[in-house]
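Presented below are the structures under discussion, each in the form of structure tokens.
In what comes next, chain A is part of two complexes: it sits with chain B in the first one and with chain C in the second one.
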Partner chain A sequence: MIDFLTNNARKIRLTLIIAGILIGLLLFIGLPVILVQSSIRLATPYILGALAAMVASRAGVLNLAIDGKMLLGAFIAVVVLYKTGYNPIVGVVAASISGGMLGLVFAVLYLRIKINLIILAIALNLFVANATVFFMRVSFGAFGTLADPSISGLPTIQLPIISSIPILNERLSGYNIVVYIGWVMIAVVWLILFRTRFGRHIRAVGENREAAESVGINVTLVQVFALTLSGALAGIAGSFLSIGVLSQFVENMTAGRGWTAITVSLFAFQQPIAAFFTSLFFGLSEAISLYLQGQPGINIPPDLLLAAPQVAALIALVLVAVRIRAAELLKRRNFATHFGQELANLKRAVLERN
Partner chain B sequence: MPKAVEMRHIRKFFPSSGVLACDDVNLSVEKGEIHAIVGENGAGKTTLMSILYGLVQPDEGQILIDEKPVRISHPNEAIHSGIGMVHQHFKLVPSFTIAENIMLGIEPNKAGFINSTTEAETVRKLADSFGLPINPNARIADISVGMQQRVEILKTLQRNAQILILDEPTAVLTPQEVHELYNVIRKLAQGGRTILLITHKLLEVKDVADRVSVMRRGRLIGTHNVADVSIRDMANMMVGREVILQVEKKPAQPGDIVLKAENLLVAGSGGVPAVFGATLEVRAGEIVGIAGVSGNGQTEFIEAIAGMRPVEGGNISLLGTDITHRKVRDRRNTGMAHIPEDRMTMGLNLLTNLDENVAVTRYQEEPYSKAGFLQFSAIRSFAQKIIKDYQVKSARVGEEIKTLSGGNLQKVVLGRELDGNPKFIIANQPTRGLDVGSIEFVHKTLVEARDKGSAILLVSVELDEILSLSDRIIVMFDGRIMGVLDIKDANEQDIGILMAGGSLEKDHPAQEKA
Partner chain C sequence: MSRLVRPALILVVLAALVGMFSVSLVSAQDASDYVDPCLAEGAEAGAEAEAVEVPDNSDISFQIILPGARGDRSFTDSAAAGAERAIAELGVDGTIIEPSGAQEHDAAIRRAVQEDPNLVITIAVDASVVEELVDEYSDQKFAAQETFFPAPPEYDNLALFNILTHENSYLAGIAAGMLTRTKVVGAVGGGDFPGINLFIVGYEEGVKSVCADCTVLRSYVGGAEPFNDPVRAKELSLGLFSQGADILYQVAGRSGEGVLEAAKETGNFAIGVDSNQDDLYPGTVIVSAMKRVDNAVFGFVESIVNDTYVPGTTNVGLAEGYAGLSWDVGICSRTFDENGPEDLVEKLPAVRQAIDEARAKILAGEIVVTNALFDSAS
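Then we have the complex of A and B:
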């Protein structure tokens, strides 16, 4: 079993990828249009949130404050648009800046003042959750929900060429700009991580900090930049929740999506492209769960469907751990066989000589 | 001959551990030579090189590179001065390719985007110009340890290092890889580069170095041409002739076999065996000492017997029970006690009090616990007994132990491990860093335990300690047992030869290892 898995790791991975693509295509074309559309929309905060988690993890910092940064982004986007009449794009930009600033604060508190990473993240998440409620009441007199006709939602965009192709048009075109920003960011983060100097330093710092230090890379600076970028991405994800859907801010509206985004990033092995498909999978199960709630006569508990991707992520993580352990066992067994044989040969040679 | 490196009156004291790592060290290295620095673990050679590379700041002293005084306060400045270091534990990123690792931090780029073709080409040219063929696109995780080391060397060369420090470079290499490394080192020296080789393998010095500096306890004992000194001379300089502490003991009365290890095979780092086919017997009422230069498998051998490292081949039996793959607790219940190498991290928990530290090996047994609840009165009286029996000064029941001196801490460990007359005792560096009084106490206590019938396995870097305590001595070299000597026939010279990998039949070191 161990031998089989280790020796055929490449083949197994390839088979799984091809199977995944086929199933994905089948679902993309075969599912009702409304389900595909809502999957893609629901996947957007996961895509951006997972990229945020990924950039931080790649730099060796487990960023558990994604949820707080998302929530801040969602709030700021609405605040900036409230009675200003600005273009909603300004809201997205403001959300990303605020997320980035919070990322910077997080980085300074963690790296300079050296606060415990987990406690810091929990504190930031709680702080944002309560601060948004506080300001909503004090500054806007709003309880629970901050909505106003002056807050315009993001307009939908018809993609050039694609909107004239049947099947693709209704499935790929006609989303708001943050959905497309998410898609572009997949490519951008991939390019940064794997094609630029900065990205390479991020990965070196995350994988072997000492190696990076020994060649004179400023580890702290790299981590500060990565955490700021991570915060900015989380902020954009947040803006989608508030002005990309209903043009309003609701108390604690991330509803744990920032945490799910971290799972997505882990599930995707910190790979941007894999994170894209994983997000779609999470989005799909959320969409199906919502869809079934609207269907009379179907009695599957919606929470069960919502839990499906989380369970899948758990299984995937267990399999990874098992595989690493199997590789270790195999290494030990090969060592024992190889040197055991060598030892036996040596003994025989000594016996023959005497 | 122009001097590449001169270090004058270097002194370094570590207040936290109270160790004077370098004591007025003067080192002078000529340009283009291969200069070995040898010494036991803790002799100060690594500290000296860390000072040269800017990782550690000296308290006093001066460094000259190419006969000009320099200040090196950070590795970047060392690199700038033309110094490169290949650390014992490689500093490579496993998922990166060879080229990516060599060019890390100095990537050829346009507006931040890396041109990986140019990068691979640069690395290939570099490798070819030094005759060190590599595949720039291979991943570090997929290549051998020897190849990884080559990448580390190329990394320093790409940064134009003229002085290369190699820290224990052969520790993780196979014999073939060692041979290749020698060729690389020689080639680099012929090309005018200066090589500083930190090692405690004397065979290696003979094979490859031009000159050798011997360090012992923070002092540089002397620098010699390798051609003029024998391995035995170097071993004597390294170990030194200290005042031998006399241990009063009667001849041993060995009884039945208590511990038996047969053909033990234990993995070291990097997939090389640390212990290769070691066989050993320890009988009741005798002390068997393991001598050897550190890093020759003693630590791994002991860890395998104590149950802290997996055994890949062979077997270990304690009082007739096969314990090869048993847990530490099972081994202890069978009758094993272990005085570990490092009392501060392995022997004791300095964050908690005396009671918990002495109870930790027996808290699950009556009377120290009943029905799952700890019995504090029983634990307290046990702690009190240890304070009294083992003369632990300034220790109080229920109080913290972190303020105790090294000698008193070791007495706490001794008390916990030796109370109840265990059948088998592992004593690993039992007197390291202790004052003379405490050393005597430890020695006396171990001899008493022997006379009460315990079988004791002793490991020490102090040859004197081995000679004065042991009834039999086994010598380890390169993971193998080179010889077993009865204390009556043992002398420092013979042990020195065996420690260096030599054989007592012929008076020169054995060349063939595998």
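Then we have the complex of A and C:
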């Protein structure tokens, strides 16, 4: 079995990737339009949140405060638009700035005062969850929900060329700007991480802090930058919830999406492109669980359907674990054969000399 | 706050009067000589409210524990409004406690008991928590609302008060069944619990009673926060609307905001719940199935002030005026009449007549609406 895997590793890999692409395309075209749209919308906060988690952990900081930054972004986006009549884009920008600022604060507290990362993240999450409620009440006199006709949601945008292609138009076009920002950010983060000098520094710091320091990389600067970028991405994700999907802020409206995003990033082995597809997978399973309930012909208990995302996550987790285990076995075996050969060569060499 | 609300209410009623006249001009010819009983009553209620003297009962205190933070513009806010009205009108000393969720109920109640108030009111706290604490603090008077025990508990320091909403949901179902254009309507619940199905099953029966070939789609929000995730609820509702549903009944707390927004965005309609939600999205929310939690809370405080506190279990509903529609029960909302599309507004007098007939039949016992809470088979 293992021999087969070793000898055909490349072919197997290629087959799996092609199969994945085919299944993806089949789902993309075969599923009802509303389901595809729903999955893409539900995936957007995961995409941005996962990128946020990824940038931070690539720089060696476990950022568990994604949820709090998302919530702050959601709140600020609505606050900026409340009774001002600004364009909703201003809300998105403000959300990303506020998320970035919180990321900066996080970085300062962690790097200067050296607070434990996990405690700091939990504290920030709690602080944002309660501060938003507090300010909603003090500044706006609103209890738990901040809604006003003056807060306008983001308009949907039809992409120029795609909207004239028959099948793609309703599936790829007609979302609001944050969805597209999410797609663009995948590419941007990938480029930053793998195609720039600074990205190499980020990865170096994440792999081995001391080694990076010893070759003259400014570790503090790299981590501050990564955490700020991470916060800004999470802030945009938050604005998608409050002014992208809805046009109001509801207390604690992230409903744990920041945590799911961290999971997505881990699932995807901190790879931006893999994170994109993992997010879509999570979005799809969530959308299916909601969609199937409304089908009069299908008679499955709703609780079972609602558990679909969790079941899907569990299956994915098992597959990932199997893959890791298989890779490890292969590595060990390869090492053993190589090492055995080297050892034999050495032995022969020693014997010959004698 | 309430000083501002009342003149506004009168204005709304007056505006509704004007609206109704213009509507009745159109529909008066076609057989409907339906007289809206609400209008006369509403005007009276408005006039009555002017003369309220606040007595001094500051030696009497109560603490009310809400199920969660305020801001659902529905159930929780209604309870808080009742408590605020009691404080304002009865002159008692009241404290409103908003825990962050079910996990804090126990601690919040224990803390409230330490203050030694005359009455501790709990709203929608789990039965086991209430039972344990009522048993432990036998000197403290408790009033619990929307707590569903498997069997009626017997403590002499617990007054249990449940508002059953299957019957007014039935009336809301009649409105949905008569107003749907597509013959498909939907209901969105927070989760698949008996307390939520109480609403939904009643609604379904109401729809079927006037529109036998209508389809009722039933969906639940679920997820990590079933009652606090409007984003999920909105996606769910968009899915239901794409199935052809045009009226959704939301029973999902704060998630319901997402249902209402989805209806507004797609040009469909929704039915609100618990509080009067007609004005949140004028012209989109047809009517709200009201649950007068505020009156119940007020009644509890009043019973302490008047020394008429009686322990035991009380179940009330449509008959007692605690459950109803925002078109009646002292609200007399006519927002949809003014903002709704013409073809639906024209039908409203007929709908109201059908609802009045159904209400009379329910009260007379001719129609029995399934109570999903006690009849768990449904």
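Going forward, the second predicted complex is superposed on the first by the 280 of 354 C-alpha atoms of A that agree within 3 Å, B and C clash if a C-alpha of one lies under 4 Å from a C-alpha of the other, contacts with A are read in each partner's own complex, and residues count from 1 in each chain.
To be clear about the criterion, a contact is a pair of C-beta atoms (placed from the backbone, for glycine too) under 8 Å apart; a residue touches a chain by one contact, two chains touch by 3 or more.
If you're wondering where the values come from, they're calculated on a predicted model, not measured in any experiment.
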item	value
Which of chain B and chain C A:287 touches, first, second, both or neither	second
Which of chain B and chain C A:174 touches, first, second, both or neither	neither
Chain B or chain C, by number of chain A residues touched	C
Partner chain in contact with A:339 - chain B first, chain C second, else both or neither	first
First, second, both or neither for A:42, with chain B first and chain C second	second
First (chain B), second (chain C), both or neither touched by A:24	neither
Which of chain B and chain C A:216 touches, first, second, both or neither	first
Contact footprint of chain A on chain B as seen in their complex	75-76, 79, 87, 91-96, 100-101, 104-107, 109, 112-114, 155, 263, 265, 267, 271, 273, 276-277, 310, 312-313, 514
Residues of chain A touching chain C in the complex	32, 34-35, 38, 41-42, 133, 136, 142-145, 147, 241, 245-248, 250-253, 255-256, 286-287, 289-291, 293-296, 301-303, 306
Residues of chain A defined as touching chain B within the complex	195-198, 200-201, 203-204, 207-208, 210-217, 331-332, 335-336, 339-340, 342-343, 346-347
Chain C to chain A touching residues, read off their complex	69-73, 76-77, 80, 186, 192, 215, 217-220, 222-225, 228-232, 234-236, 238-240, 242-243, 245, 254, 257-258, 261, 280
